[in-house]
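Chain IDs A, B, C and D follow the sequence of writing; residue 1 opens each chain.
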Amino acid sequence: MLIDRTDSNFSRPSRAILLFSCPDVKGIVAEVSHFIFTYNGNILRSNQHSDPETGTFFMRVEWDISEFTLPESKISRAFEPIAEKFSMDYRIEFSSRTSRIAIFVSKLDHCLYDLLLRNKEGEIPGEIVLIIGNHPDLKPVADYFHIPFHHVPVTPETRMDAEALELDLLSKANVDLVVLARYMQILSPSFVETYRNRVINIHHSFLPAFVGAKPYHQAFERGVKIIGATSHYVTEDLDQGPIIEQDVVRVTHQDSVADMIQKGKNLERLVLSRAVKLHLEHKILVFGNKTIVFE
Amino acid sequence: MLIDRTDSNFSRPSRAILLFSCPDVKGIVAEVSHFIFTYNGNILRSNQHSDPETGTFFMRVEWDISEFTLPESKISRAFEPIAEKFSMDYRIEFSSRTSRIAIFVSKLDHCLYDLLLRNKEGEIPGEIVLIIGNHPDLKPVADYFHIPFHHVPVTPETRMDAEALELDLLSKANVDLVVLARYMQILSPSFVETYRNRVINIHHSFLPAFVGAKPYHQAFERGVKIIGATSHYVTEDLDQGPIIEQDVVRVTHQDSVADMIQKGKNLERLVLSRAVKLHLEHKILVFGNKTIVFE
Amino acid sequence: MLIDRTDSNFSRPSRAILLFSCPDVKGIVAEVSHFIFTYNGNILRSNQHSDPETGTFFMRVEWDISEFTLPESKISRAFEPIAEKFSMDYRIEFSSRTSRIAIFVSKLDHCLYDLLLRNKEGEIPGEIVLIIGNHPDLKPVADYFHIPFHHVPVTPETRMDAEALELDLLSKANVDLVVLARYMQILSPSFVETYRNRVINIHHSFLPAFVGAKPYHQAFERGVKIIGATSHYVTEDLDQGPIIEQDVVRVTHQDSVADMIQKGKNLERLVLSRAVKLHLEHKILVFGNKTIVFE
Amino acid sequence: MLIDRTDSNFSRPSRAILLFSCPDVKGIVAEVSHFIFTYNGNILRSNQHSDPETGTFFMRVEWDISEFTLPESKISRAFEPIAEKFSMDYRIEFSSRTSRIAIFVSKLDHCLYDLLLRNKEGEIPGEIVLIIGNHPDLKPVADYFHIPFHHVPVTPETRMDAEALELDLLSKANVDLVVLARYMQILSPSFVETYRNRVINIHHSFLPAFVGAKPYHQAFERGVKIIGATSHYVTEDLDQGPIIEQDVVRVTHQDSVADMIQKGKNLERLVLSRAVKLHLEHKILVFGNKTIVFE
């Protein structure tokens, strides 16, 4: 059956997505595609990558499981022998499973609105189940979109208690992904560890240029002709995590710091939304401090 | 007094903006700048352009009037002799005067949200005083932003009555600029005439490629590798008005029409907002079927 | 053995590249990858695409044949049963086989220089074996790069004779690809038929905007804010062939036609070179009037 | 008389270009434009900029001197009183005066070819009078374009002697601008001082990211999604001089260091050529460690 051209994500067939990395040897693709064919799956999309330095092979394969002869719950077990044979580090995702998203904010609303609107339009999949603010300012936005808002103030003295509360909220809401939408607080190593490769931040510069605070002021001082924004997974090292997406915009001597901040808002919105979308579509593999993005 | 670097539009000094076109002769800049200096104005920004084909000179000059020795109400009269001497077609705008904006919509909300949010943030100046929809769907958005919404249905039979009602609403609200934010109706020549160079539309293609209906479908059929969006002033000829701003994004064979529509939404938002901002900052001169944009 | 990171194309292993289209059914990838594994090949890169409208499946797979147990000359025959089973339209290319390129020019040299320099640097693979000019002006360039140059004048009366001579030169030089590097002549349908999907042209506009002659003049007249260039396969319909690559650059009211021509030269160079490179790397499948580009 | 639309630089009228910076007070534009009008000049282009932090005003004004009643040789003296009145730091350039350019190279030829070809086409004005290489490899390129080539080897021991020789060559050739076209040597502070704001370098990264050696390797290690190139004036601090122009290109996990180097070559070419063109058109003012580029 042919898919209608104007069909949206929502009417697509049920799909499984396998992502893995393993030592690069012959026969991996043959075995994986044979597995899918054996149970009557139809491959919709497949991407590979080899890292010649470390001899590592990466693959993402997405297949139609609407006629698959294995139920979702048994696919992983059936695949296990292949994973073992090739020493794969793997995971299997299902389009039927809706990702649950929490957004952390402070006072700036541009990234928050962007995520909410794209989610509403279906561009960003998943369900935004929780908004946490260290300030109460953005509660009305959450209300308008009918999403629970929690005000969790953070001070140097209360940081660990605040994080404990946040982790509890995330856990109870069964959250898969945390998005820092211009959230102006640093997360502790234990928070990062709990949500390893599941916390996405937007940094308002073209990293690694202008790490740390006030990057637009730094860019203004240096007199650059292009400014950027960078979306990355959060690690223990500030602004050093694996980069998911970046983009840039031109500036001139006419642009004040205020102008750069305004131009940068567009970038921040776009770059963060793209990164979140890629993550939720299960298109990213993290390898060392880099990402492999199978677009 | 020096302006603070992080200062926003709102704290800028009072400014006057003179825009004109006239036959290109010597001495125009000297006379205009002397006029400003005579009354103790400080030129903040000045742009010129000459069209060699028609021998026409264009200029935009923006000056600080906080110490100007003429009140705003008398500047135009004082300038009149210079305008006559050089046969100028001119206008003078003041930063103290807030532009009044009406937005026309149908069912799609992405451009509407974008305009409302950028206006709220101060990126787009002016006051949005009115939203008119030929469908009632976007009334809740207007409500959330506390802007009056009027549902004016349009059918082939009622078109002229509907336009009469719209024109009445615009007139009563003293509207300066009409923005068609993916408004799916064609305006009559008399409407266009009434708001000549004051109605901005967003067309969802890189004009003049793909005029008319369903441009993304047309782009898909042709197999282009880049799609675009175009913001222009509305004239009697559909999709033929003076272009204000355009931008593009890459597509590949992987992109369905639905994907192009989604990618295009970002473009439409950005391109329309940029055009509206340029208009409201009085940076556009229309000349024939082209625009001179003094960025 | 790991490949050195700064390794160039020249030291890459011998590779085979299979390209095909066929009706979309289950099991294609499994069978193809099993074939490669059976003869001890290592898949380096694989791309698929499904066209939902026509139910067509497309694939490109590139594999290391340095330890393949079939010689190059026998691979196609061994693959034949699979091709028949799935009703594939296919071809197999080998990295060991150097493509032979002819460039057609008139008087403009910017695209010619660009192709010659990129070829010399190894960015564009293959061997440029022939340059044909309908004017003699660019012979010194050909001489500098030690490539045979043939002056084949074309007039309305001598067109068919000129083409016969060109076809003879191409045939004797065993040419695989003809690049029209701003060649200002139209090829006859029989020429196009002989080199179907093997003649690449650069059109100096963002097609389908501004087909035909003097596109920069047309763009100037329309007052567009962005100009483009388009590389496409040549078909019987002027400027209507399958698009391979496009790119754009911003222009303003300050840009005269002469400025647009100058800005456009950069685009033409880049877009033509990218298209030629993609073709020579066997990354393009033509389907109807579109291209599938497996980057 | 109207200028033909397809007219090139070469047929433009004689022009004078005044560039200055001074404390920002009222009346500067009026006085400068009056000066030009007094002697029967026609302003073709004028740009201003104010730096609010330091209260500095910058201006570039270009005027037609074909009917100017002062000869070129007397313009500067006549302008002197105005310059003194406003404490201007100024210079006056003339389109009749051809800039003399030296290019320094090592072994890479892509930037050299680009500059030579654009100069030949008239895109980059001026005369390239000298090519100096610390290796002899690119002499044939210089020969092809009929430009004197000097091989000046540089070793740690002979550096100062080599520079003395270079300075002598530059001085004898009356050179105005030195372009480092991927020249792999550091210039001494005294060389920099002699040609202050007249030595343009291309750095193969998006500065200030990846200063120093092997920026593409650094970018590869960090896993950035965008690489860049930066053209700047050379100062005593390596890679820290005033930035003139920057541009970027996307990379993915598929790009090896070799791929980045290849993609980067395009950027380097474009960015260096644009910077050189801007300099030679007298469109750049250096202020502190930044540039004001009046495009």
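Just a few scattered comments:
What we mean here is this: a contact is a pair of C-beta atoms (placed from the backbone, for glycine too) under 8 Å apart; a residue touches a chain by one contact, two chains touch by 3 or more.
On a predicted model such as this, the values are computed, not experimentally measured, just so you know.
Ranking all chains by how far their C-alpha centres lie from the centre of chain D, first place goes to A.
For the touching copies chain B and chain C, the fraction of interface residue numbers used by both exceeds half; the interface is of the same-residue type. With centres taken as mean Cα positions, chain C sits 42 Å from chain B. With centres taken as mean Cα positions, chain D sits 36 Å from chain C.
Looking at chain C, residues 5, 52, 256 sit in touch with two or more other chains. Of all residues in chain A, only 2-5, 24, 26-30, 33-34, 36-37, 40-48, 50, 52-55 touch chain C in the complex they form. Across the complex, chain A is touched by residues 5-8, 109-110, 113, 117, 121, 123, 144, 220, 256-258, 261-262, 265-266, 270 of chain B. Every residue of chain B that touches chain C in the complex is listed here, in rising order: 49, 52, 206-210, 222-226, 228, 242-248, 252-254, 256, 289-293, 295.
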